[in-house]
Amino acid sequence: MSEIESVGAHRRNFLKSLALGSAAVGAASAGLFTDVATGTIGVPAARAAGNIKMAFIQWQPHTVSSAWSKGIEEVLKTQQTVDYRLLDGQNKVEVQVSLMDTLINEGAAVIFLQPIDSVALAPSIAKAKRAGIAVLTLNIDATEPHAAHVEMNHYFGAMDIAKALGDKLGGKGEVAILNAPPGIIIRDQRTNGFVDGLKKHHPGIKIVADQSADWSRKKAQDVATTLLAANPNLGGFYGVNDSMALGAVDVAKTKGLIGKLVIFGNDGEKDALESIEKGELTGTQYTDVYQQGRFAAAAATVLASGLVPATAFKQQGKLLMPYTIATKETVASIQPAQRW
Amino acid sequence: MNASIQAFGRRLAPQALPLAILVIVAAFALSEPAFLTPGNLVGIVRQVAITGIMAIAMTFVIMTGGIDLSVGPVLALSGVVTWFSLDAGVPLPLALGVGLALGIAIGMVNGVIVAFAGLPPIIVTLAMLSVVRGSALILGGPDLHSIRGQEAYSFIGSGSVFGIPVSVLIFAAVAIAMVFVQRATPLGLRVAAIGENERAATLSGHRTRLTKLSLYAISGLGAAIAGIVQSSQVHTASATYGEFGTELDVIAAVVLGGTSLMGGNGSIARTVMGVMFLGVMNNGMNILNVPLDIQLIAKGAIIVLSLALGELKS
Amino acid sequence: MDTPLIRGIGLGRTYGALTALADADFAVMPGEVRGLIGSNGAGKSTLIKILTGAVAPTSGSVEVKGETVRLGDPSEMIRRGVACIYQHSNLAPAMSVMDNIFLGRQPTGRFGRIDRRRQRADAQALMARHGITLDLDAAVGTLPTVKQKEVEILKALALDARVLLMDEPTGWLSAADVVRLHTTIRGLKADGVAIVYISHMLDEIFTVCDTMTIMRDGRVIAEAKVAEMTRPRVIELMVGEKLARDSAAAARVPRRPGGTGEVRLQVRDLTRTNVFRDVSFDLHAGEILCITGLIGSKRTELMHVLFGADRADSGTIEVDGRPVAFGSPREAMAGGIGFVPEDRHRDGLMLGLSMTENLVMATLSRFCRALLLDHRAIAARSTRSIAELAIQPPDGTKAVRLLSGGNQQKVLVGKWLNLGPRVLILDEPTVGVDVGAKAEIYAILRAERDKGAAILVVSSDLEEVMTLADRIAVMVAGRLVAIHDAEAVTMARVVDEIGGAA
Amino acid sequence: MTARSATLALLAFFVATLAFFWFAAPRFATAGNIENLMSGFSFVAILAIGQAFPILLRGIDLSIGAIVALAGMVAFDLVLILHWPGWLVIPAAILAATLAGALNGVLIVRLRLQPFIATLATLAAYRGLVYSISGRQLVPGLSTTPIRDPWITGLESYLDIAGTLGLSDLITLPWVPLSFFVMLAVLAGFQFMLGSTRFGRDLYTVGGNVEAARLAGIAVGRVTIVAYALSGFCAGVAALLLVARLTTATEALGTGMEMSAIAAAVIGGVSLSGGIGSLYGPVIGAFLLGTILIGLTLLGISQFVQQILTGGILLAAVAYDRVLFLRRQRRLTANLGEEA
């Protein structure tokens, strides 16, 4: 029920976000920002005095957030008037909340946020909105409406992975999930997406094991080795992130199972793409994270102009990043500059 | 009657750990035949190698009533530093030397503060945990640094000799070397003396502070070796490796091996058993696809139970 | 006849193979002050600990006012009005004097709030009654030891105890304080309190006690009215007739004051500020010099300086005529000094390690070949030591924890003999050692002396001093007040000097 | 009274730090920032108060992070699944936390386990328990459902002091979060208990000299169990404040908090050698850490550098404690001299 609703809402938001996003990107390429951004229309007086402050609160030090930050910086660098910095949430919701508070107090114009949890950061987002700050969420949406949300959808992505993985396996066989411990919502969305995806597209495939490997390539090697011993007929692995999938690849390599095992990751980091090219990793969900960061930054500059007050967002614009399920067949289309 | 049971228990108590390992091995083997395959058994050793190396290296520290919470970030830092060295074109032995020397140096800082300034090890190494992690992140950033085209380096973690993974061989070498140090060198006796009675050791003319300093250096070295093995095993180096909790796993292994956190008698060989015990547990529960929540509860319960049994004997 | 206030019946306590107390009967009447005497290791402390509930006996029972009580539970005994002043401090150092006096039983008011005012008033009344002055708000840990002892006394008195056990209460007190304490005791006695008074100072026993119980080797040997006893008889009972004979025999052993005449250790005007002052003496090769005195007369502190564990502020030490200044035990050992500490469990042995390991602990570097331990040489050394010292059981792999006190002590002595020191210092070498082992340790020391060793013994056990010494030095409150040739001095004279009466 | 003078020295250091950032860090000296400091670190202060009890007994409690998650998840489940009213949920969650703490105490007393290892074991076990009772896993829809119970969300409210006093036109005062008052209440209650009741004295005695305590008839085992139960209780209170702040609970809640609490307690002068320290110290320690973290963030200093500085401060605190100890020792020898 609620799923269908959310999908519906999704569509509507998608249109809205397309408009917003293309406006931002268009503006960026037209080089219009400096003028707009330095304008004082709607910008609180405190902010107008100095440079505009923007900050990105990441989940924890990680390749994805690092690439986002680079993408954001690339755009913001072109603006002399923006101070941008990256803050670390240390994988703790309460740290993210405290950083939000600090940024609100500091009078940031825009906060990029990769929330650890959709609900837990909602009160902070509401508070930021009251202070006239535009919040852009990255990848994880928040239950509180906010300025914009730029995401590579995890749930649908994982469903697509399930489909691709099932196709490779010919719709039957056994697979195992290399999972992460609960506590960050990405993990739940990807797991659920994968499970639902298999149910929908390939009901013949059985998930024989779902074990935690702590997001870690090393632990994934260990767990994958063990699972292969227990399940000799195992046909594939789904790693909830690329690191864990690459751990399974490492094992497949030493056991000479490359080509026999179907291994999918999630994220699309450059090591994973390289591995796909070498024919080791079967596939991953790829999105251009730099681009995602650039979009976010572009949207941010519009928002910072104050033309659209942060409080105006009853429902955030969603910018859905196009993603591809990168496999050997498609990986070549991803340019070196797009790899992170 | 009662007395004879007690006597029996006392005779059995030192063997409690090997017996417990046998029991769980048997239990897992019965419920999942795949458990006992040679591949899986080697796999278990490979899985515990990194924790094992650190646990072995930390055993001496714990025997003297100390603790080293800083091993996680040291593991990360040594991997990152070695990677940077290799990336800069430094020859492999030198790069490894840099990584290991860094581990020793951090251990020595711990050791100097603990042994010579007399500050509590748990807080000193907790502070160092924070300092070293911050330094590693400043140095390496949040990125995963891929190790490419370094066959010799990759061999450390991923190669194998006669079918035995090199990491297992390194683990075995460290274990044998440290058992040797404990049994055959004066350092082994000096550590035991400090653990049993530090005052008496000082009054017997031992340079206890220097000894303690060297033990923290050994622990740092162990973490650095583990860091190199891990980064080689996963073909990447990152400042975020050895995440929070690594040190607790290491300490749990040492304590399960019968070394008391209050200091005192301990043995490297038994630490190896403690490591294997945890390794077998993890492996068995993975193989039986036990859900994570039950795994954690079982792990906690088993640590409590096995230590309570050990306590019962005394 | 009245019921005794406290009564132990057939009390026994064993620790592994060691019997600390066997079949002891013990009773104290209201208003009675009973002296409990016996040499070290006679079982007095064990008896006291059973009576306070600190230790559960392995056999026997305890009655308070005729009622059998639950054993091994301190709170039960406190509830029944049995209080104790222990030899070792039982205070919480970071807490105030006031809190320590009422440890565990502060008077409380509403909401469980401690009634500070009442507590203060009670404490002041208590101090006034017993003529003790203390700063009630000072943290106990910052007080000098003598004051801490007074806190202990007040803590026990504050219990309104009907039975008060005192384990060497005067060890840290000055002569004036002792007099005051005895006045307090007489006052309590008049109130009908039963008091058990443990002391090594026969003077005190004869001054303050009505009756006495004499213990030896974990047994009660005799009970008597003080008025009916004489000192020589008490000493004879304490040490036993056999040892009395032995010591008579020992007395016939030729003493060698001055040894070979060669000065091994020369100490001149050695001073450690606030600890000891102007200590001077010579120790010769081939002699045993015993330094005796009260607990707290700073003998151990003096030894720590000689062994480099502490520093002197002024004065000189020479070994074999060469001035030395040891910065650590390690240096002292290199300089030829060996030191058998007083508390073998705390400072001497690694109890969990084997006998062999302990025996070579002070000489590890000698057993190294190319950085490795020479296990064969170690085993050989250990076997030889075990044989020479007649350590039982003669099994070097056994953990020292499992040995009896006497054999533990022999291991400790053996460890230092293995060093072959120019000067061997022993601090209370026979505490907690049974009579047989004692005699053996004396024999070992004499043999070493005869081989030309210079031996310095610190002992509070006068029998030991009189038996063992070639010369006797007396230390009082950080000063060396007299040095005698053992043959030329009586025990009575030494006792007088120890008490500072001279 | 050295303990008191140490607390005063810490307070002076805290004030100096505050003063430094007041002038050096932009927007530090604002009502909003003080508000952030209070709301962001009150729960840390409560955890530090709780941690002080085990440390006073020469123990340690590593499990409080997991207990925070446990209490949080109990509250989550009771509100969102069982629909209990908030006034019932609050005591129930605190009770669960207290029991978890008491179990730590029982393991330490009855099974004679070392506190470090006992609480290390329960750290794993309680986290496992959180995963198994997690409402987010049982009913996935709940992971995006905020808690709206007024009793719980009411815990995250602010008192407008200036407004209440009718001074809002004259002066801008920080709005004081309820969590700060809760922290004050916990502090007052437990400091009263520790400083002024028999139980408090018993606790100091057990921490200072176990043997003396036993001989004084103090039930050492009971005191120990209660101390760990109190640590759990504080974790429960902190958990509710966090849940109110986040409007949800996550499975990873509280990870690593034990280390912050231990650091705050030790910086606050609670000596690891037992029996020394008050509860004011840990509270000041927690806010000192908070001040430094927020101040450095406002100064734009990288969080990686912040980690290094935090470690340095912790070292300085124990070093200072050590200096005090040595000075006490020296005074003691000097005293002995006067008597001789």
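Labels A, B, C and D are assigned to the chains in the order they are written; within every chain, residues are numbered from 1.
In this section, a contact is a pair of C-beta atoms (placed from the backbone, for glycine too) under 8 Å apart; a residue touches a chain by one contact, two chains touch by 3 or more.
Since the structure is predicted, the reported quantities are computational estimates derived from the model, not experimental observations.
Measuring between Cα centroids, which chain is at the maximum distance from chain B?
C
Round to the nearest whole Å and give the separation of the Cα centres of chain B and chain D.
Here chain B and chain D have centroids separated by 31 Å.
Where the centres are mean C-alpha positions, what is the separation of chain B from chain C, in Å?
Their C-alpha centroids are separated by 44 Å.
So, what's the distance in Å between the C-alpha centres of chain B and chain A?
Roughly 35 Å separates the two chain centres.
Where in chain A do residues touch two or more other chains at once?
Residues 181-182 of chain A each touch two or more of the other chains.
Which residues belonging to chain D are in contact with no fewer than two other chains?
Expected reply: 131, 255-256, 304.
Among the residues of chain B, pick out those that touch two or more other chains and give their numbers.
Within chain B, residues 137, 291-292, 295 contact more than one other chain.
Draw the chains as points, connect those that touch, then say whether the picture is a line, ring, star, complete or other.
If you draw each chain as a dot and join those that touch, the picture is no line, ring, star or complete graph.
What are all the touching pairs of chains?
A-B, A-D, B-C, B-D, C-D
Using the touch definition from the top, list the residues of chain D that touch chain B in their complex.
Those residues of chain D that touch chain B are 60, 62, 107, 111-114, 116-118, 120-132, 255-256, 259, 262-263, 266, 272-273, 302, 304-312, 314-315, 318-319, 322.
Across the complex, what residues on chain A touch chain B?
Touch residues, chain A against chain B: 60-63, 65-66, 179, 181-182, 208-212, 214, 216-218, 221-223, 225-227, 229-230, 232, 243, 246-247, 250, 253-254, 269-271.
So in the complex, the part of chain A that touches chain D is made up of which residues?
Listed in rising order, the residues are 2, 85, 87-88, 90-94, 97-99, 101-102, 104-107, 116-123, 143, 181-185, 188, 192.
Spell out the residues on chain B that touch chain D in their complex, using ranges where they run on.
Within the complex, chain B contacts chain D at residues 67, 113, 117-120, 122-124, 126-131, 133-135, 137-138, 244, 248, 251-252, 255, 260-262, 291-301, 303-304, 307-308, 311.
Enumerate the contact residues on chain C facing chain D in the complex.
Checking each residue of chain C against chain D gives 52, 54, 74-79, 84, 86, 89-95, 99, 103-106, 108, 111-114, 116, 137, 139, 141-147, 273-275, 477-478.
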